[in-house]
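Two complexes come next, and they have one chain in common, chain A, joined by chain B in the first and chain C in the second.
Take a look at the complex of A and B:
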């Protein structure tokens, strides 16, 4: 089962919502759309579902052109960030609603809804109205409605975003199990890189209406194609700065120097961009030069320190940029104090002037 | 364990107590006081027990005006609520026309009540008013000052014109608060326009519509100014609603006792019917 987007495009007046996009989504495993708010995730999903018509390009399902086919005639279901259920139907009737539309016999409906309610742990609440349920139960009802009809395409638009932390973790664990033995294409939109990593599958990073990279989630995380994909797939955002290569040395705006890495060795002298994930910038080591092997010491004025239990997040100035360090343990710095930190250069990404990753 | 007794706490309740006493309890008690006594206006009172209540409840005059009041209230509710919802459904939910529609809808609500009555009175006059003259020119024998049916038609039309906007604005507020996702979900399920209205829009508007019905019910039951300026309760007594009748008894005839008794009965009817409406509409509703 495949869903193929060929040069799909959506513009509204002079506003480009989705730039021409090619994407091939497969059944089995989650297809994750990762991007910030307004990056185009929801628009892209609506185009995939047929809720919205693309202004250009075509949509193919199993090789068949389904562009412009009405959503009712496609076998699609969708779950939203808000908990969308029919307000005056009971949970049972809510789950049964897609089957009723499909004119399924009552006995079959009863069987299916019962099985789905067991799976979703909703059996004790079948007679209640959605407003009498907790957020987690409401969203499970919405998920049950989406799953009960064996859709070929299931679109999950930030389904966990409105749940509180505990429920989110719980449901996130359940989700891959729910889809494990189903033959359907699952698309999952999220703003959280961690969610993408936990759900696995494939990830497409979205930025301002463009899919910047698509591939297996781990690959996209480890080998970002360019600086934007790397920034989208990093939380807190990836630290970047301009570095200058001069001969066999790299200079970070006069703040730090280090030997030219292998990937840059055969590149011409000039400006490059460095990218470092926050957890690769940690408080300086207790060595004479303030850095462990493969690291370089960087000092900067502290803007803010956030302590969250076992982790410390330090925001500090690196030339014109603000970098973030994320480290285990409690590392408290006063505001305005100059903090000594070390950057793990072995984990650094280098990007060219066009933003593309420079790899060996 | 001993309870801590803190008499100072009464001080916090006192201001509310005084306020409620002055704006509700004392005026109401004055009316109750009048309703069980006979007075000739020279500040001498005679106890009369429930005489006024039995008199009012048995009087044909009260039955008639209550009946007219019921017809008026249920007619305007039957017209204004569905019409208001229908207009709200056709109003745009985004774009440049939204403020235009909202202002147009709000306009009738901004006009003082006696001006509305005067406006419609002139508008409907058969010899010079646009509506009255127009209807007659089209061949209808229309004269709201002489014919009972025409008076009722004009009275109800005026109220619909004046107050449907309130239902529209409330229903519209309910409609715009429904997230787009509901409509999309319904579309995915293959729901048609009627199913969307029946299963999404109507349940989502339920609370505001309850408020709209209650407000319209209470206001129409108490309507006075517009009706009295338009028809003065006539022709004859044919459009004399409860409030108009009450004023006639209290200020026209200066029968304070019966008027007070009538006020209390009037108040209890509104209270009881509002409770019935609310209970019916909120039935099956979770707390």
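Take a look at the complex of A and C:
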């Protein structure tokens, strides 16, 4: 089962919401759309569902062109960030709604809704109205309605974003199990890189209406194609700065120098971008040069320190950029203090002037 | 009594005084009303009410008013529902201007329209019919209903529409089975406001009717009749005119404030 987007694009007046996009989504595993708010995740999903017409390109389901087919005639389900249920229907009727529209016999509806309610742990609430449920139960109802009809395409638009922390973790664990033995294409939009990593599958990184990279989630995380994909798939965002290669040395704006890495060795001298994930920038080690092997010491003025239990997040200035360090343990720096940190160069990404990753 | 209760108590007495006076008059004879000052009816009589419920001159006034008010309420809300849905869900050229223009219809005094309406309805043979008054009142009730309903509809996320379509509902199935029950409170409030404005409107109702569709308010404001002043009777008619409003407001009492804010919170 495949859903194929061929040069799908959406413009509204002069605003480009989705740049021409090619994407092939497969059944089995989550297809994750990862991007910040307004990056086009929801628009892309609406185009996939058929709720919105693309201004260009075609949409193919199992090879068949379904562009412009009414959403009612497609076999699609959707769950939103807000808990969307029919307020005047009971939970039972909410879940049964797609089956009733399909004119399924009552006995069959009863069986299916019962089974789905058991799975979603909603059985005691079937006679209640959605407004009388907790947020988690409301979202479970919405999920139940999306899953009860065996649709071929299930679109989940940030389904966990409005839930409390605990409920979110609970439901996030359940989700992959719910879809494990279903033959359908699951598309899951999220703003959180961690959620993408936990759910696995494939990930498409979105930025300003463009899919910047698509592939197995782990690959996209480990081998970002360009600086934007890397920034989208990092929380806190990846630290970047301009470095200059001069001969066999690399210079970070006069703040630090290190020997030229292998990937840059056969590249011409000039400006490149370095990318370092926050957890690869840590407080300086207690060695004579202030850095462990393979690391370089970087000092900068501290802007903010956030302590969250066992982790410290330090925002500090590196030339014109603000970098973030994420380290285990409590490392308290005063605001305005010059902190000594070390960057793990073995984990550094180098990007060319065009933003593309330079790999060996 | 607590001292803090004195001010609200006085306020309520002040507010209720005219209504009390009206109700008390309706149980008095005209002679007692004209004879002197009395705080409560000394010769308590139901005669005024009996006349209203038995004399066709009076009760047809109520029937006429009820007829055109109901007709108007149904017309206004039925036209406003699809209009409000369009304003709430779609973007089209001039939508904001059109939406505002609707409200400007309420800004003109009804007297402006009395002459053209009278002439127009006479020309097409609608003069002195219930439908004429009902139609003329839609002039200010449809805009009001559109504004109120649009507010309530915009409070419903458009994802609800999309979910229904995804579930396979057609537009009408969604609109009638899911959307209308969802905004039932809004429809109730819109009905109430249409009812209220149509019920109290006097000028157009009076201008467009003569005998057949004469509203109660027209009968009531005729202070002198062949038998002289009938103040007790007029007071009873007034009291009965308040009742339907009070009755209708009971059902939407929890949503009235939202209605006055045109459905916006």
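The definition used in the following text is that the second predicted complex is superposed on the first by the 360 of 360 C-alpha atoms of A that agree within 3 Å, B and C clash if a C-alpha of one lies under 4 Å from a C-alpha of the other, contacts with A are read in each partner's own complex, and residues count from 1 in each chain.
In this text, contacts are C-beta pairs under 8 Å (C-beta built on N, C-alpha and C of every residue); 3 or more make two chains touch, one makes a residue touch a chain.
Predicted model only: the values in this text are computed from it and were never measured.
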Joint occupancy of chain A by chain B and chain C, clash or fit: clash
Partner chain in contact with A:49 - chain B first, chain C second, else both or neither: both
Which of chain B and chain C A:76 touches, first, second, both or neither: both
First, second, both or neither for A:132, with chain B first and chain C second: first
Chain B and chain C footprints on chain A, overlapping residues: 46, 49, 51, 71-72, 76-78, 80, 82, 84, 86-89, 97-98, 101
In the complex with chain C, residue positions of chain A that touch it: 46, 49, 51, 71-72, 76-78, 80, 82, 84, 86-89, 97-98, 101-102, 142, 145, 149
Residues on chain C engaged by chain A in the complex (per definition of touch): 157, 159-160, 162-170, 173, 178, 181-182, 184
Of chain B, residues touching chain A in the complex: 179, 181-182, 184-185, 187-191, 199-200, 203-204, 284, 286
Contact footprint of chain B on chain A as seen in their complex: 46, 49, 51, 71-72, 76-78, 80-82, 84, 86-89, 97-98, 101, 129, 131-132
